[in-house]
Structures are given as C-alpha cells and as structure tokens.
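Each of the two complexes below includes chain A, the first together with chain B, the second together with chain C.
Coming up: the complex of A and B.
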C-alpha cells in the first residue's frame, strides 16, 4: 500500500511539467510548426533554478514569501489526490474541502504578493483572478459533491479508488456533466484559453501571468512548477471523475496517466481552435460550469 | 470662402509661392473652420520661418468629395486665436506649431508638448521651460480623474512586444476605461529640420527610415516632391514599378496585421499562417530590389532596380499562391464565432467622429468614409489604373480588419494586372535642379493611410522647409477616442487594429 502512495506522489512530481510540453506540441502541430522539445519545460525550470532573482525595491517580504508558500501548498495538495486506483498519501473524510481551499490558500499568497509590488498591472490581474476563482470554486465543489453523493464517500481517495469507479456503476449523465464542468474550471484555474492566454505578451489582457510579472529566477521557477503541479492535480481529479477503473491497479495507473496527457492534447486543441473570450464574458462561462454541476447534483440526489 | 479657396492645387504639382493666397490670420482661421465643416480635411498645417523672421502659417486642405486640394497661407505673430476650439482636427497640428516655433494658439483646450524638444527659434518655449533645461519625453501634466474606485494605469514607454516606445495613461473605473491619453515623442530625431538646405546624400535614407514599415510610401512621396520641384516626369515603366512596390508594402503589412489581430485574441491558426505569409510578401519586395522593406528601390527620377520578365513571372506565381493561402487563413477569422465576438463592436468610431478628428486611411474607410489618395488624388501609376476603394460601415475592430482583407484582394489583382501590362521604358531619368520659390504637395496612400509631404524651395532652389505628415499623426487621437468606455483588456486589440507608427509620428 505504501509503495503505491509513494509512486503516486513521484508521478506527480516528475511528470507534471510534461503537460506543458504536450500542450505546446499540440499547438505547434496545429500551427504547422515543429514546436519546442517536449521536455522544454524541464529545461526552463532547470534554467530558472540556476538563476539569481531580482527584487523590486518597492516589494517587501510578502513578495518573497508568495512563490515559496505557493509551492509548499501545492505539494501539500499533491498528498491528497489519488491517481487511478493509486491512493493518496493522506486520505480522510472531507479532504475534498481541504483540497479546494489549499488551492485557495495558494491563490491568496499569489494575490497578496502581486499586490505587494504596487504595480497597476498586477493589481488588475489580482482583481480578475479573485473574481473568476470566486465563480469557479462553487462549480468545482458542487461538481465534486455530486460525485461524492454518487460514490458515497467524502474523501478523494474514497471517491476515486472505491468499488463504484467501475463503468457499471456509472450514472453516465452525471459523469459527463461533472467532467465538463470541471474541464471548464480546469481551463480557468490553469489560465488557459478561452479564459486567459498563457502566451500573450500583452500585460493589459493577462490574468494569471500579469500577477507574476515581477518574479524572476528561482521564484519564477517555483511559480511555473507550482502551476504544472496544479494542472496535473486538477487533471487527476477530472480523470478520476470520468475514467472508469478496470480492477488492476497498474493498468488503472497507466490509463490515468495517459488520460491526463490526452487532456493536455485536448487543451492544446481548444487553444488552437478558438479565440479568447472577452473578459466580461468569462463569468458567463463559469456560470455554465456552475449550472452543469448543480444539474449533476440534482440528478444524483433525485 | 469660395473666393479664397478658388485656387486649387494638385497632388505632385509644384506651384510658385506667390500663387498661394495670402489672407489675414482671422480669415485663415474662419476659412479652415468653414472648409472642414463643409467636408474638407486638414492634410497638413504648419508654420514656416523665413530668414527675415517672417512667420507664415500654411494649410493644405483636402476635399475628398471634390477631389481637390486647397492651399492657404497667413502671417502670424507670437500668438493667434486657436483653430482647435471650432475645429478639433487641428489640435495636434497646433500643438506641433506651438512646440516648434513658440507660437501660441490662444484658447487651445489641450495645449501640451508633442515631441518634447526645445523650440526651433531662439526664444523661451510657451510652457516656460528654461533654455538649458533638459526636456524629457512624457514629462507633462496628464489628464486624470479622481474618485474612490478610479485607478490609473500607466503603460510604457517600453512596449510589451518591444516594438517602439510610447506612453499610455489610462483612467479606469474597474475594467472600464474613462480616458486614455497617449504621449509620444520618444523617437524624435529631428528629421524635418535636418532636411533644410537639402537635399543631400543623406536625405533619401532619412526618408526610407522615417517609418521603417512604410519605406516605399515615404520614399515615393519624397521622390515625387523632388521630381515636381524640378519639373521632371518619370517613365511610365518606373511609375508601374513604384505602384507595384507600394501595393506589395500594403500586402505585407495588412497580412501581418490580420495575423497580429488574430494573435491578440489568442486565435492561433490565422496568427501563425499570416505571420509566414507576411514574410513571403516581404520577400517579394526583396525579389525586386534585394531588400525586404524596399530600401533602395524608389529613387528620384525613377526606380533603382529593374523588373525583368523573369522576376515578373516569379512574382505572379508567388502572388497567386499567397492569394490562395491567405484566403484560407483569413476566412477562418470571419467564420470563427469566438473571433468575431472579440472583433465586433470593439473600439467603435462613428463616421461623424471620424470626420471631426480628420482620420485617414484604413481607419477612416472602416468608418464608411470613402477617402483614398489613390482614388481622390491619384498620381503616378494610379492616374492610369484605379483600385476600387474598400470601405465598411461599422467602424469597429472588425471593420478595420475586414477593410484590410478587401484591400489585400484588390492589391493582389492590381499587381497581377500591372505586371501583365508593364510597358518598356527607362528605369531612371536624371532630374534637373529644383526651381526657386516653389511649393509642392505630394500625397501617397501608404498602407496606413495618406502620407503628406510638402517641400518648399527658397530663392536658390534648395529646400527651405520640408513638412512630413504621416497618417499616424492624424490617427493617434482616433485610438484614444476609440478606447473610451471600452474594456482596458481590449486595448491591445484596438491598438493593433490601428497599428500606428511611433517614429512616423515622432519624426
């Protein structure tokens, strides 16, 4: 049992930056380019960790604390998420709530360290991030509540590794509705198109990127690595909701890892085929996610 | 008014300085206001100082309805009643005159420096800055709003895309922009002043790099001035090559802009393909003259390179291929709802506002105004072959993008026609020296819009004044107005849809 928990944690730590590589490769293929190497994000992280950091004179210790707390929190979150039928390191009733609010804590520190710079851009980014995540959070929690009710468990490990995860136990509409809702939350939380554009250089349009404009070197490496981990973890939840288990722990594990990579390809396809939403329209998209989650919950409780 | 404006001038035709109607400053002012009210545009308004300390204001009014140019002149003292009060489109010209010559337009509602330099004559400037004081760009009073929920965002001068420097101040209420003030001048090089006493060997190179992306446009305008001041004409062949080069420049920039617009809304396919196709168009210019931006191609008296049949054939083949590729990439924009949702009703300018501000080029045509120098004031190739004017009526980002696409199609057709009909002729003729005491206006429809050059010679037949008005000079205020009540997150998109030049404005 312990081996499985540790393997789960190792997979998160080692494989998560690969998601960026897969998204970028998908986008490159759509654009008719060769694209950067699949492992580019590992090289980038290595480069950032070997650099010095530059700090603006207007910032305080809050600014320096942000990236470190962010990474620490996301590591803590990683101990709560199962993968396929590999259980999480820690599991207890109600760890769903802790999961959601650890991400909340991470966001809080990103936001205050952005506000600490005193820059107008970062202030705007922080206000956008807070507003959108306030709308994404209920969609995520209600969606998980539906799954929790369906699978009779209040912990992520219980929900995703129990006996109800076989295809036979699926209430297909619920699985699909929640998956779609969490997919929207996944795009919003990881600042992907159509909510945010991770590639833009235009600071006035950014949401997440603009909050970390002043970070450099290892700090920025922490932030990049945290966002890779966050993406993997949210992806693992989405995969847990949608992908049925088959009985064999190792087959389930491989299937889940492949599913997360398929999710990355899907994100790349979305980014290659549509434009970003107007900022005012983003709340409407998140409200759709809320509606889908509520519908799923009603279907389960009916 | 009719009497004063009875003398009409022609694009690229030199006239004697004495022929220009001289009026009093009061009459000068009312004539401009009346003319603009009845549909004229200020193509250029500037002051000239002669050696005898005689200050002279000149205005070139363009009537797009009558296809006529009117020139008027008046003597001024150190101040005069501002024209801007009754004619908003004069505002930047008056600020420019005030900064360059310390002539104060009394009552100007927005009298701030334009390019941040000392006046050209030896007097204190009108803002009371000391003679030896270092003048830094963007150091001035900005318009600002107060209130609990109002915040100010300052962008630049270092641009996020590391293009050219400019400073933008937004007054915002949450995500809404109340006001945008644009302050330029970081690229001021003093080109106009350095041309006095010319032309010399450097002049042409200054013209080619006035605005790097409009090399052909500006160098054509300059060459037309030299040729007409010298009373020479160039061969039909050279005119054809110039026309082709101008349209190639338009193609490259329009294709690049459409790609960049797609990139700004995060729409990958068009962004990637148009980026490549822009390069292909630039390479076509390089095929003719060896330089992607057309440097060395336009020369006084003709062109610097020959367009032989081998190059022509290759050009035709490449153009046909690009036309197909571009149609696929660009039509994807109009067929993607998420892109259209971003483009439509963003950064709208009404036709009325456009007329008041005197906007030109793609921006004006996107407001439904039919103004195109190639049609209204044709010179060179465009006297013999017309390109239909492309307009759209909505005045938003979509309109500016769509007009670009319409123009791309028409320019490709034009080039293919001209290559087919291209006559034989002299590549370059020698031009004589310039006549004394002449005044010449030269207008060229660059890819952004109307480029206006004015050359004036003194009694020795050398340039004693040279005035350049890049289309950006007219249009920057349009961008500021388009942003009112828009989302601040839509600024980059609006900015790209105008795609104005910083160095063309700063000179």
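Coming up: the complex of A and C.
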C-alpha cells in the first residue's frame, strides 16, 4: 500500500514537466514544424536552477516568498491526489475542499508577489487572474460535489479509486458534464488558450505569464515547475472523473498516465485550432462551466 | 458567577474613573486598566462553563414589570462572551496607543467611558435571560457606539454616520420590542426558561421579527446600511470591537431566539441560507468596489456575517429535517467562524488604524510600499488577509471547511429540494472565497506593496509598540486557532446540544468525527509549512555564490517610470466590478480625451450603497412626507396638548370599559 502511494508521488514529481513537452510537440506538428525536444522543459528547469537572479528594487520579501509558497503548495497538494488506482499519500473526508483551497493559497501569493513589483503589467495580470479564478472555483467545487454524491465518498481517493469507478457503475451524462466543466476550469487555471495564451509576446494580453515577468533564476524555475505540477494534478482529477478503472492497479496506473498525456495532446489541439477569447468573453465561458456543474449535481441528486 | 459580576463592575468603574479624569492623561490609564482587568476576571467563569459544561446563573428580584434580574452563562453565552471579552481587551490596549495622538484635541475620558459601557452592554446582552433585561442591555450596547462613531465630530461625515447608525439600530429595536412583547404573550413572564411558543404561525411571525431585528445589528444584506458608514468613522479600536464582536450579538440573539421558538420548520433554514448567501456575495462585491480601506473592511463584515449565517442556516436545516450531521457541522462551523472572524477582523481593523496613524490616509489608491515603512503592520495585515480569505492553514479555512463538510457529508441525500441549500452553500462559499481573495490581494497588494503613490505613503512610519503588540497577538491567534481547530470545536458541543436538543453523545460523536478530519487538515498544513521552510533553504543554497543583482521593475524598456504608473486598486477591481455591475451600479465620471496629445484627464468612480440609495432613501423620504402632513397637530399650544392627553385617556377608558 505504501509503495503505491510513493510511486504515485514519484510519478507526479518526475513526469509532470513532460506535459509541456507534449503540448508543444502537438502544436509543432499542427504548425508543420519539428518543434523543440520533448524533454525541453527539463532542460529549461535545469538551466534556471543553475542561474543567479535579478530582483526589482521595488520588491520586498513577499516577492521572494511567492514562488516558494507556490511550490510548497503544489507539493502539499500532490499528497492528496490519487492516480488511477494508486491512492493518495493522505486521504480523508473533505480533502476535495482542501485541494481547491490550497490552490487558492498559491494564487494569493502569486498575485501579491506580482503586485509587489509595482508594475502595471503585472497588476493587470493579477487583476485578471483573481477574477477568472473566483468564477472558476464554484464550477470546480460543485462539479466535484456531484461526483462525490454519485460515488458516495468525500475524499479524492475514495471517489477515484473506489468500487464505483468501474465502467458499469457509470452515469455517463454526469461524468461528461463534470469532465467538460473541469476541463474548462483546467484550461483557465493552467492559463491555456482560450483563456490565456502562454506564448504571446505582448505583456498587455497575458495573464499568468505577465504576473511572473520579473522573476528570474531559481525563483522562475520554482514557478515553472509549480505550473507543471499543478497541471498534472488538475489533470489527474479530470482523468479520475472521466476514465473508468479496470481493476488491476498497474494497468489503471498506466491508463491514467496515458490519459493525462492524451489530455496534454488535447490541450495542444485546442491551442492550435482556436484563438484566445476576448477577455470580456472569458467570464461567459466560466459561467458555462458553472452551469454544467450545477446540471450534473441536479442529475445526481434527482 | 460572582467573578463575572466583579469583572463587569471593574469595567464600569474604570469607565467612570476615566470619565471623571476627562482630558487628563489618567483617563486612558483608567479606561484601559478597567477593561483589561475586568475582562481577565470576567472571562474566567466563561471558560469554566465551557470546560465543565455546567451553566452558572444569578438571579435577584427586580421591581421592573415583567423583568427579573436573571443572568446565566450557559455554553452558548460562553462562546460569545469569550470572543467579546478577549477582543475588547486586546483592542483596548491598542486604543491606548491609538488615542495618544488625539490627547490634545479630544476629551478621551468620554471615549473610554463609552467604550467601557459598550463592553458592559455586550457582555450583559449575551448573559441576560429575561426579555426586559435583555432589551435594556441591548439598548446600552446600542447607544454607547453612537458616541464612539461621532468621535471626529468636526467632520460632517462622522456626524451623519452616527445618525445613520442611531436610526438603524432603533429600527431594529422596534422589531425586537415587538418580538419580546409577543413572545411573552399571555404567560406574562419574560424569563427565557419559562417561555413556550406552541403556535407555529406565531412562531413563524416571531422568527421573521427576530431576523429583521437581530439582522439589523448583525448587518444582513439590505439591513447593513449603517455598517459602511459607522465602522470607518469610529476610532479604529472601536471599529475593531464593533465589527469583530458587537455585530455578533445579532447572531447570538438570532440563535437564542431559535432556541425559544421551538422546532424550526424547513422554510426558516431556507430563509437563513438565502439571506446569508446574498449577504456573503453582495457584501464582498461591494467591498471590492471600495476605495477606503475601512469601508472595505466594513463590507467584509457583511460578507462574514453571511458565512456565519450560512452555518446557522445549515444547522437549522439539520434540525428541521432531522439530520444530526447537518445540525452539528452547521452550528459548529458558524460558531467557530464567530470567534475566528472576531480575531481576523479585529486584526484587520487595527491594521487599518495603524495605516491611518502611520500615513494619515485610508485612501487605498494613495498608499503603496508601506511594507518597507511599516513592516510589522504589513506582516500582521497579511496574516489577517489570508485568514479572512478562508485560505489554509489559518483559522478562516477551518470554520468554512466545517460548513462545507456538513453539506458534502449529508446535504445532498435529502431529496431534490435540498439541492438548493446545497448549491447555496457550496457555490456561495466558493464564490465568496474567490472574491474575498481578490479583494484582499487588492487591499494588501496596493496598500503595502509596490511604490508609494503619494506623499502620505512616502512619509509613513511604523506605529508605537502598544499598537503593534495587539496586532501581533491577534495574528498569532489566527495561526493557533487554525492549528488547534480539532481541539477547539469539541467545546461547542454543549451549545449545539442546547440549541438542537440532540443528546450530548450524538453531538460529541459528530464533533469527534469533525476533529478527526480537521486533524488531517492540520497534518497537511504542517507539511506545507515544512515544505515552505525546505524550499526557502533550497533557494538560498541555489543562490549562494551566484550573482544576485537589483534592477528597476521591467517596464518594456521605458526608462522613467513613476509611481503613478502603477496599477491602482480601482483598476485592479475594475473587471469584477464591471462584471457584477447589475448589483453594484458604480457611477463613473470622466473627462473626454481630446486631441492627439491630451494633457489633463480625470476619472472618478463611486459605488454608492444600492440598498441605501434605492431602498432606504426613497422610503425615508416618503415617510418624512407623510409625517409632514401631520404637522398641523403640533402647533405649540400647550392647552391643546393637554386636551389631546385628556381625549386619549378618555378613549382608553371607554375602550377598557367595553
């Protein structure tokens, strides 16, 4: 049992940066380019961890604390998320709520470290970030409440690894509604198109990338790594909602890992095939996510 | 119980001595000593009741009709009493430092007298067990703040605020008077232990009266209009007490009323949950749109009262549909949030007071960069901001978590109708949490971070140690209440079983489950803190021996940035304010930009309170018009007035005769 938990944790820590590689490769294929190596994000992280740092004179300790809290939060969150049939390191009733709120803490510190630079660009990004996440949070929690009610469990591990996850026990509409809602939240929280464009070159149009404009060296490495981990963890929740289990721990594990990579391909396809939404349209997208979650909850409680 | 009475006497005597000292320096000394000594003594029986679970009471005959001097500290009173006495003592120490600057200008003896009187009133309210006594204590508690709010009486704003407060609190009082008169009914006794309400229609009517009467004090949405006026006007230590604990007496009254009214029907829960989700969301939205730090905090009280009432609503729902899980987790979360909110809201108001003291302004957009000038205020304010946003690992999360947990555990298994409360709680709390985080990243980020935006912020300085210390204590309490949350909720058992009439073992059993779950949260929190230290060390190790340099903030290569180019609080909140414009109705004035190189421009936004602007102002205008039509009765002829009295007496006699 312990071994499985530790393997789960190791998979998160080791494999998460690969998601960026897969997204970029997918986009490269769509654009007809060769693209960067799959392992590019590992090289980037290595390079950042080996650099010095430049700080803005305006900043205080808050700016230095932000990336540290961010990384600590995702590591702490990683102990709550199961993968396939691999249970989470810590599981208890209500860990769903803690999961969502820990990311809230990470966001709080990202936002205040952005404001610490006194830069108008970063203030702008921070302002958008808090708005979108405030709208995404209810969608996420209501969606998970639906799954929790359906599978009679209050912990992520119970919900995703319990007996109810076999295909026969599926209530397909609920699963589809919640997955679609969480997929939208996933895109918003991880700053992907259509909510945010991680590759834009213009500060005015960015959200997440602009908040970390003044970070450099190991700090930026922490931030990049945290975003990879966050993406993996939210992806694991999405996969847990949608992908049924087979019964064998190791097959389920492999299936889940592959599903997360398929999710990354999907993100790449979304990014290659559509443009970023106008900022004023993003709340509407998030309201759709809320509506889907509420619908799913009604279907479960019916 | 005698200790409690002794403590209250000391508080009162301290206030009197302070009043007599007037403008002399001794006034502050008497006031603070009275409060601190009195609180320390009076809080002992409250803790004793909480630990032993045995209520302590005191009763003597009183010539007042319907009245009896019946005081009792039971578990429910004890919870509120500890919050009241604790925060008031800490805020008083702060007040000594804070008021020091006004010694030349104001009569501080008066300020302390009314502060002590307010404390006395609040303490009596939560222990009074007789309707008349309760109303008397309520009136003392309601009148005293008037004199605190009008502290800056040379400012028109403060005078208006105190009038708004006085009118609002007395409108609430009218409903409470009705409530107690009808409650006493034909039994003729107003002692809480003798009141029985049988009739369900009457109980429902009384419930509505209680919601309006107590809701005015607590600050339910639309009844909250006095909060954003009164809290900013009062001196900051008084705002901390008013917002941290005085409005909680409204919550106390509501809970006490529910215990008096018998078994609650389901619609009471719906009413409470509806009101509270509305208060929570709209309160935080208005907070987002504010430009004044204390006004922003005042609107957050509306939000947090919403969260507390959400807990109560879930508790009442549990009582009416017979779900011990909902009842216990709802009330436990609500009570825990009462205490937690007292701590972090007290802390934040004291922080705002320090900002005013250190920089001379509360205008958020004029501040900035205070973290370097006021390091202690900044770090304690940050703790309060994280706590009020309901984020782990601090206390705000623990209490919201309990409310969530109740709904997740048993809120969704009682039929489709109950999806509405479930949605209200999960969706409401999640949205409130997200918006509160938006609001407090704004408040902390714009006030304390970045570059100073004005001369005020440039010249800001850290405040006196007597002001720093209370903030540090409250910040530490935010952490401790989070860490020890599994132990603390165990003490709510007595109060919950009194309200819900569930057997003590059932309540304690549920609370033990809650404690077990909360200890897991604490484990993750400890892990989080360890990780933070670990990564901080890792960063230090990575950067050691490498080049670490300082530069200007990146501005796209622009070489001469100024502090005024920073994002402001108004711009930070603008997207959300725009999105929710339906509720906020922000008025916007700006100058047209003309020509290719416009030189001067202005933009002004003002979010007036919609309840006040669209509901109460027209209402009072109408009432004042109606009354002006009756002016011919009042003409100054004394003889005719005597005739009026005679006629009234005659009519009453005739009425009695038949």
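As a working rule, the second predicted complex is superposed on the first by the 302 of 302 C-alpha atoms of A that agree within 3 Å, B and C clash if a C-alpha of one lies under 4 Å from a C-alpha of the other, contacts with A are read in each partner's own complex, and residues count from 1 in each chain.
Quick note on the criterion: a residue touches a chain if its C-beta (ideal position, glycine included) is under 8 Å from a C-beta of that chain, and two chains touch if they have at least 3 such contacts.
As the structure is a computational prediction, the values presented were derived from the model and not from experiment.
Contact with both chain B and chain C is seen for A:120 once the two complexes are overlaid on the shared chain. Contacts of A:189 after superposition: neither chain B nor chain C is touched. In the superposition on chain A, A:4 makes contact with neither chain B nor chain C.
Legend: residue contacts after superposition of the two complexes on their common chain; A:205 is shown touching chain B, with no touch to chain C. Of the two partner chains placed by superposition, only chain C is touched by A:93; chain B is not. Of the two partner chains, chain C is the only one that A:154 touches; chain B does not reach it. Using the contact criterion defined above for the overlaid structures, shared-chain residue A:279 touches chain B and also reaches chain C. By the touch criterion defined above, A:55 lies against chain C but remains apart from chain B after alignment on the C-alpha atoms of chain A. Touched residues of chain A were counted for both chain B and chain C, and C has more of them.
When the two complexes are laid over each other on chain A, chain A has residues 120-121, 123-124, 127, 203, 279 in contact with both chain B and chain C.
Across the interface of their complex, chain A is touched by residues 151-155, 160-161, 174-175, 262, 264-269, 271-273, 336, 338-339, 341-342, 346, 487-493 of chain B.
Touching chain A in their complex are the following residues of chain C: 368-369, 371-372, 382, 386, 389-392, 397, 401, 404-405, 407-409, 412-413, 415-416, 418-419, 422-423, 426-427, 430-431, 433-435, 437-438, 440-442, 444-446, 449-451, 516-517, 520-521, 523-524, 527-528, 531-532, 534-536, 538-539, 542-543, 546-556, 563, 565-567, 571-576, 579.
Chain A makes touch with chain B in their complex at residues 27, 30-33, 120-121, 123-124, 127, 193-194, 197, 199-205, 271-281. Put simply, chain A touches chain C in their complex at residues 49, 51-60, 62, 64-65, 67-69, 71-73, 75-76, 79-80, 90, 92-98, 100-102, 104-105, 107-108, 111-112, 114-124, 126-128, 130-131, 133-138, 140-142, 145, 148-149, 154, 203, 213-214, 217-219, 222, 279, 283, 290, 294, 297-298, 300-302.
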